[in-house]
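See the structures that follow.
Each of the next two complexes has chain A plus one other chain: chain B in the first, chain C in the second.
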Partner chain A sequence: MLEATDLMVFYENMLALNNISISCRDNQIVGVFGANSAGKSTLMYSLSGIMLDIRKKEKMAGGERITLTGQLTFQGKDIMDMKPSDRARAGIVLCPERRRLFKESSVMENLRIGGYLATKAQARESLDYVMTLFPALQKMTKRLAGFLSGGEQQMVAIGRALMAQPKILLLDEPLMGLSPLMQATLIRAVKKIQEQSDISIIVSEQYARPVFPIVDYAYILENGAAVMEGTREELMDNPDVKSAYFGMS
Partner chain B sequence: MSSQTRRKERIDRGIKVRSEGLYALMSWREMAYLILPRFMLIAGLLCLPFLMPGMYWQRVISIVCIYAIVAISFDFLAHYVGLVCLGGAFFIGTGGYIAGIFNAYFGMPPVLTIPLAAIAGGAFCTLLLLPCLPLRGVYFAIVTLMYPLFMARIIEAFDIFGGTDGILGIDSFPSAFVEQYFVVGILLVFVFGLRRLVTTDMGLIFTAVMDNDQAVRASGINITYYKAMAVFIASAMGCLAGACLTHIYMWSGISQFALDFSILPIAATVIGGAGTLVGPVIGCLILVPVSELLRDFGTLRIVFYATILVAFILFRSDGIMAFAKRKYEQIERWTQI
Partner chain C sequence: MEILVYGTINSVSLALMGLGFAMVYGISRVPNFAHGALYIICGFVTWTILQKLGLPYVVAIFLSLAVNGILGILMYRFILIRVRGMNISEIISSYAIGLAILEGLRYGGFRGMTYTLPVFMEGMVFIGGVPVDYHRIIMVIVGILLVGGLWLFTHYTRLGLALQGMAQDERAALMLGIDSDFMAMLAMGFGAVLAGVAATMILPLGNIVVESGYHVLIMSIAVCIVGGLGSWIGAFFAAFIIGFAQILTVVFIGSHFQMVVALLAIILTLILKPSGLFGQQKELEDRV
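Let's turn to the complex of A and B:
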């Protein structure tokens, strides 16, 4: 479905992504794991096209020069030069790191912004779906998003991404700063999204353990390069992975 | 895009590392790297009065320096303290009127009125801006934009200090030579003084207030005090410039509260490079003479002016200074990926 080949990103002279090739098939959950500065967010930005925006902004402000090379195909089409807005329209929807909600707007408004591209019927349908997926949101549709707890905010963020009718959902560190209980709730919800629809999901996380049970295929990034990849079972049996990303020896 | 196999990389020349602190003393070359750009600025500014043909352009140099002082005070407040202050005209007008009053009504010589206008004007401006200090961003900008209008209307309505005619019969500088070198000297002192100030502990707090005032408050620092301090420094600079302006024109009137003094320094800061402190000076050196040259076009002057500004914001929003600095410190070359 989404396939990146030889993706390279330079921030000025620093190599942030080094020859990364990843692919995500239909209705698959792909995990991307790595420590801070491994290149997870850069990868997510490159896939969703936000990187083109950042590059343009930096160029205008005379800041860092960002170089982006490689091939990126989505459903067989080359999307390397596609604008982020067009990519969202095509179905690649990013749920950004640190949630980036519209803090001064209510939960309902946040969700409606997400459904801007959808038709009215589609939006109503996805709204119902988000509400059944996260029943906790039903009671707080009028509250301001900025004053919700971290977990609730993350629910709104995922809900907002779902409202945009994604074909592939990019979740960038959805579990950041959440309690184990909340992590489990969210992960169950992500699994449900995959089971109940035909959406593919790419999820990035630092600590693999809570996410690992639901992924079909995973990549492990180190210093911008994919050092290991494989199905869940293959990686589970690998002693290096175990010690580094699960805290088990 | 995908066929791209080359990219442009930037390599540091190492000038900054080699010429910082004690390392600069290693060789003459290192010292030259450090001193030459600054020397060029100082020598250039000091030579300007000699290079100008005729009285008219020498006067323009003084005006450039006045605008430059207001511009660096704006740059300091906006990019080192985080207070976007559109009140350049407020500072100029206050300083100008204080100098005018003390000179014309009390007979004080310019040697006394200029420092007095700086201190008293700075205190007055700070006092009036004190209630607005908790405001941030555009709200502070609007309030500071209102003050010059407010002052001008008060003087007009109550007919005080000469009303619409302004204060006449103010002493001028002893000679054109003294006038130019005084403002050039003051400008240089302020540029290098402020550059020093922003690297001290106090400057560190100013920058921190801009970045995250809650964190600064959490460190047990009274941010209102530091903001007031910064406003006092900036407004004292502006008032001093205003006092010089009064003595140059031998007149102070409500046109010193005109919007020009608020807008042009900002334009100069954008063109010269925001947050560099030297940039605004260079911006003024370009903008003020350009504006004088465009005088023949009458009202269309503003159109040319606005076009230049928009072009700069669109294509070089980091400004001349940041661009020049990068060219000085880095080289660019193509490499294979």
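Let's turn to the complex of A and C:
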């Protein structure tokens, strides 16, 4: 469904992504794990096209020169130069790191802004779905998004992304800074999204442990390169992975 | 009572002037220094359509609003789009456009006292013993309807919500498929139309002179700074504060101090609460 080949991203001369090839098949959950600055967010931005916007803004401000090379195809079409808004329209929706909610708008408004691309019927249907997926949101539709707790904000962020009718959902560190209980709730929700729809999901996270049980396939990034990849079972059995990402020896 | 009535009228006219500026800045972060020029050009276009083409007043108004909207969109599409995100360049280029329009009009012979627009309705009523003409009442009603309409628009329509989202976090909006350049262009068009609405409401009360373009620009900047840049609700409230302050100054001090009030308000706001009434601290750095 989404396939990146030899993706490279430079910030000036710093290599942020080094020859990464990843792919996500229909209705699969793909995990991307790695420490801070391993290139997870850069990868997510490149896949969703936000990197093109960042590049444009940096260029205008005379800041860092960003170079992107490689191939990127989505449903068989080359999307390397597609604008981020068009990619979202095509079905690649990013739920960004640190959530980036519209803090001064209510929860309901956040969700409805998310439904910008949806038709009225789609929006209604997705809204119902989000509310059944995250029943906790039902009681707080009128509250300002900025005043919610981290977990609630993340629910809104995922809900907002779902409103945009994604075919593939990119979740960038959805569990960051949340309690283990909240992490479990969100991970269950992500699994449900996969089971109850035909959406594919790529989820990046620093710690593999909470996400690992639901991924079908995973990549491990180090310094911008994919150092290991495999199905869940393959990686589980790998002693290096165990020690580095699960704290087991 | 006089203070109350004329304060309200003055405030609403300030709000009308400032709304377009506040809206454009709030959504696209472009300080549109050509706002005053758009205001004046709408007046002259209306005048031209009315006097030279002889079309009915209502048609002339709507035509010139449309012209203004298109002008705003063109301005964004061909000039401002290249500099968006670079604050200084935005200011310089939009101010240059404004200057070019205003001075071009002056050069083109649009000066003197001969340009006036008719009021919508002749006559006056007494409100609490204060004489008020119908046109000013219409202006207040239109102003309040406009603010109400804008509120409904930004909270209940798909496009309005998208604009609201973009105003808060452009990149997050982009991730949801909201094309920021297209939205900024629309915002510019809206802003230009709002400047036009202000012009059609306010200009019939006096002569159309090029100088008032600068006046409108200063007033809208004052209103927006006091209200908090980027918050059009803030601009609306700030218009009332400055509007009443101006009328109080006229009544108790003298009418030639009226203009000082707005400038003083800018300075005081920047000293006491730089983010304005409804602005946020984070916007401090992109203050003009």
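Please note the rule applied: the second predicted complex is superposed on the first by the 249 of 249 C-alpha atoms of A that agree within 3 Å, B and C clash if a C-alpha of one lies under 4 Å from a C-alpha of the other, contacts with A are read in each partner's own complex, and residues count from 1 in each chain.
We adopt the following convention: a residue touches a chain if its C-beta (ideal position, glycine included) is under 8 Å from a C-beta of that chain, and two chains touch if they have at least 3 such contacts.
These figures come from a predicted structure and were not determined experimentally.
Peer 1: Do chain B and chain C fit side by side on chain A in the superposed arrangement, or is it a clash?
Peer 2: Clash - chain B and chain C, as placed by superposing on chain A, overlap.
Peer 1: After the superposition on A, what does A:D81 contact: first (chain B), second (chain C), both or neither?
Peer 2: A:D81 sits against chain B, while chain C stays out of touch.
Peer 1: After lining up the shared chain so the two structures overlap, which partner does A:K103 touch, if you call chain B first and chain C second: first, second, both or neither?
Peer 2: Touch status of A:K103: second partner only.
Peer 1: Touch check for A:L94: first (chain B), second (chain C), both, or neither?
Peer 2: second
Peer 1: Is A:M60 contacted by the first partner chain B, the second partner chain C, both or neither?
Peer 2: both
Peer 1: Identify the partner contact of A:T69: answer first if only chain B is touched, second if only chain C is, both if each is, neither if none is.
Peer 2: Once the two structures are laid over each other on A, A:T69 reaches chain B alone.
Peer 1: When the two structures are laid over each other on chain A, which of chain B and chain C touches more residues of chain A?
Peer 2: If we count touched residues of chain A for both partners, the winner is C.
Peer 1: Taking the superposition as given, does A:V203 touch the first partner, chain B, the second, chain C, both, or neither?
Peer 2: In the superposition, A:V203 touches no partner, neither chain B nor chain C.
Peer 1: Touching A:N13 in the superposition: chain B (first), chain C (second), both, neither?
Peer 2: A:N13: touches chain B, not chain C.
Peer 1: Just which bits of chain A does chain B share with chain C as contact spots?
Peer 2: Overlap of chain B and chain C footprints on chain A: residues 60-61.
Peer 1: What part of chain B is in contact with chain A in the complex they form?
Peer 2: 1-2, 4-5, 7-11, 314, 316-318, 322-323, 326, 337
Peer 1: Contact residues on chain A for chain B in the complex?
Peer 2: Spelled out, the residues of chain A in touch with chain B are 8, 10, 12-13, 60-63, 65, 67-71, 78, 80-81.
Peer 1: Give every residue of chain A touching chain C within the complex, in rising order.
Peer 2: 48, 50, 53, 57, 60-61, 83-86, 88-89, 93-96, 100-105, 109-110, 112-117, 160-161, 163-164
Peer 1: Would you pull the chain C residues touching chain A in the complex into a rising list?
Peer 2: Going by the criterion above, the answer is residues 83-86, 155, 158, 161-162, 164-165, 168-169, 171-180.
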